[in-house]
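Think of it as A, B, C, D, E, F and G in the order they're written, each chain with its own count starting at 1.
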């Protein structure tokens, strides 16, 4: 069987990732923590909406708000 | 009894699949991981909305956002 | 006590069923798999919306999106 | 203590019941199965919306879509 | 510690209660059954919306649709 | 470790609290009961919406509808 | 493995944090309690919406309403 999604997520720790949330906001930051609910902690995070970008710093995110997470650099390696 | 949906999903690993999400976005990529919540990981993924298509690379998807997953090639084989 | 809904669902395996989803889409296909969350797999499935019908082939459906499932032929037998 | 709702529901098996769903559709049919999640199976069911009524036959309903179920005949007996 | 909400609910059995639902409908009836999910059964129930009132008789209500339940008579006693 | 939120809630029993609900209604009353799902019972409660205030008496509230609870007097003491 | 999000949250106790809620309200206060559902208690909290800011005092927040929590000072330290 293939690796589970949360195992793959753990390999992304310390990398820059981009999250799309259910309310259409986008967060980009360094992944520093996660759990099995996909609760996530980002360091040095920026929030982008249709109107603006702002720096948030350390952000704790409740997993139920996450739609997708992608990691451009990881993709380059696996492609 | 018939096979369970997650067993059938595992057979789709390494195949191209198309996901429809609750927010109406569509993702197409190679299925590389999944778990019992239908959390999924796609490699080499493209996102398509009504307005545009963009390349995302590796994508982790929270299962609660998935509506349907279909695999055109698997369908051809089983039909 | 009457049979449980999931037992009745299993008897519909290999029959054509029609699903109504929360986003108002309708799917018709041959039921090939299901589990206790009402995750379902359809073969040879067609999707119908207010605007169009398209062929999807094999479809995996997350149970939380299902509103109703009906089976015209099963109804004829039980009526 | 009073009887639990699911026990009262079981006594409605084989009776005609009317369901109101979260999407405002109404279903009327003979209750043939239920479980503890309020997943329900109706036989000989009709669906009514603001625009139309149509016959669906046997219907499996995911409990999370149910708002209320009422049984006019049972009410007459208990009133 | 104070009594739990479900214990207080059980004391309301056989009293007239008014429920406000998430879809803004209001139901008034005699509470006859309840469980720990706040699934409820009302006898001799009336439904009131912005447009109309109608008699439903016995009603089974899925707890997840309940916002509040109040009991005017119980309030008078405890005030 | 700090005290858990439910422990802090129990200390608010017998105090006047104000609840903001997901449907934007506001309830003010004396907290008389609560459980681990944040199901709550208020005595002598008033409901306030954008249009009006009305007296409800004893109210049982399903926790899933609560956004925030605040207690002006408790705040004054802890500040 | 990295620390879990709830462990990182506990280190923020006694610090000023800013919460964004699903209904777009923003709360700023001193974090005094939390649990594994991300239920939170803030002291000396202010609520900010598009229209106004008001002082709420002590606030108990149901975790399911939280989108993100950020702590400007913690971010400065970890950056």
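Definition applied: contacts are C-beta pairs under 8 Å (C-beta built on N, C-alpha and C of every residue); 3 or more make two chains touch, one makes a residue touch a chain.
Just so it is clear, the model here is predicted, and its values are computed rather than measured.
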Third chains touching both chain F and chain E: none
Count of contact steps on the shortest path from chain D to chain F: 2
Count of contact steps on the shortest path from chain B to chain D: 2
Cα-centroid distance, chain C relative to chain E, in whole angstrom: 34
Geometric centre distance via CA averages, chain F-chain C, whole Å: 43
Separation of chain D from chain E, taking each centre as the mean of its C-alpha atoms, in whole Å: 19
Chain F: positions in contact with at least two other chains: 64
Order around the closed ring of chains, commencing at chain E, then chain F: E, F, G, A, B, C, D
Complex interface listing, chain G residues touching chain F: 10, 13, 21, 23, 25, 27, 32-35, 39-41, 43-45, 56-62, 64-65
Footprint of chain E on chain D - complex, ascending: 1-9, 12, 22, 24, 38, 63-64, 66-72, 74-76, 78-79
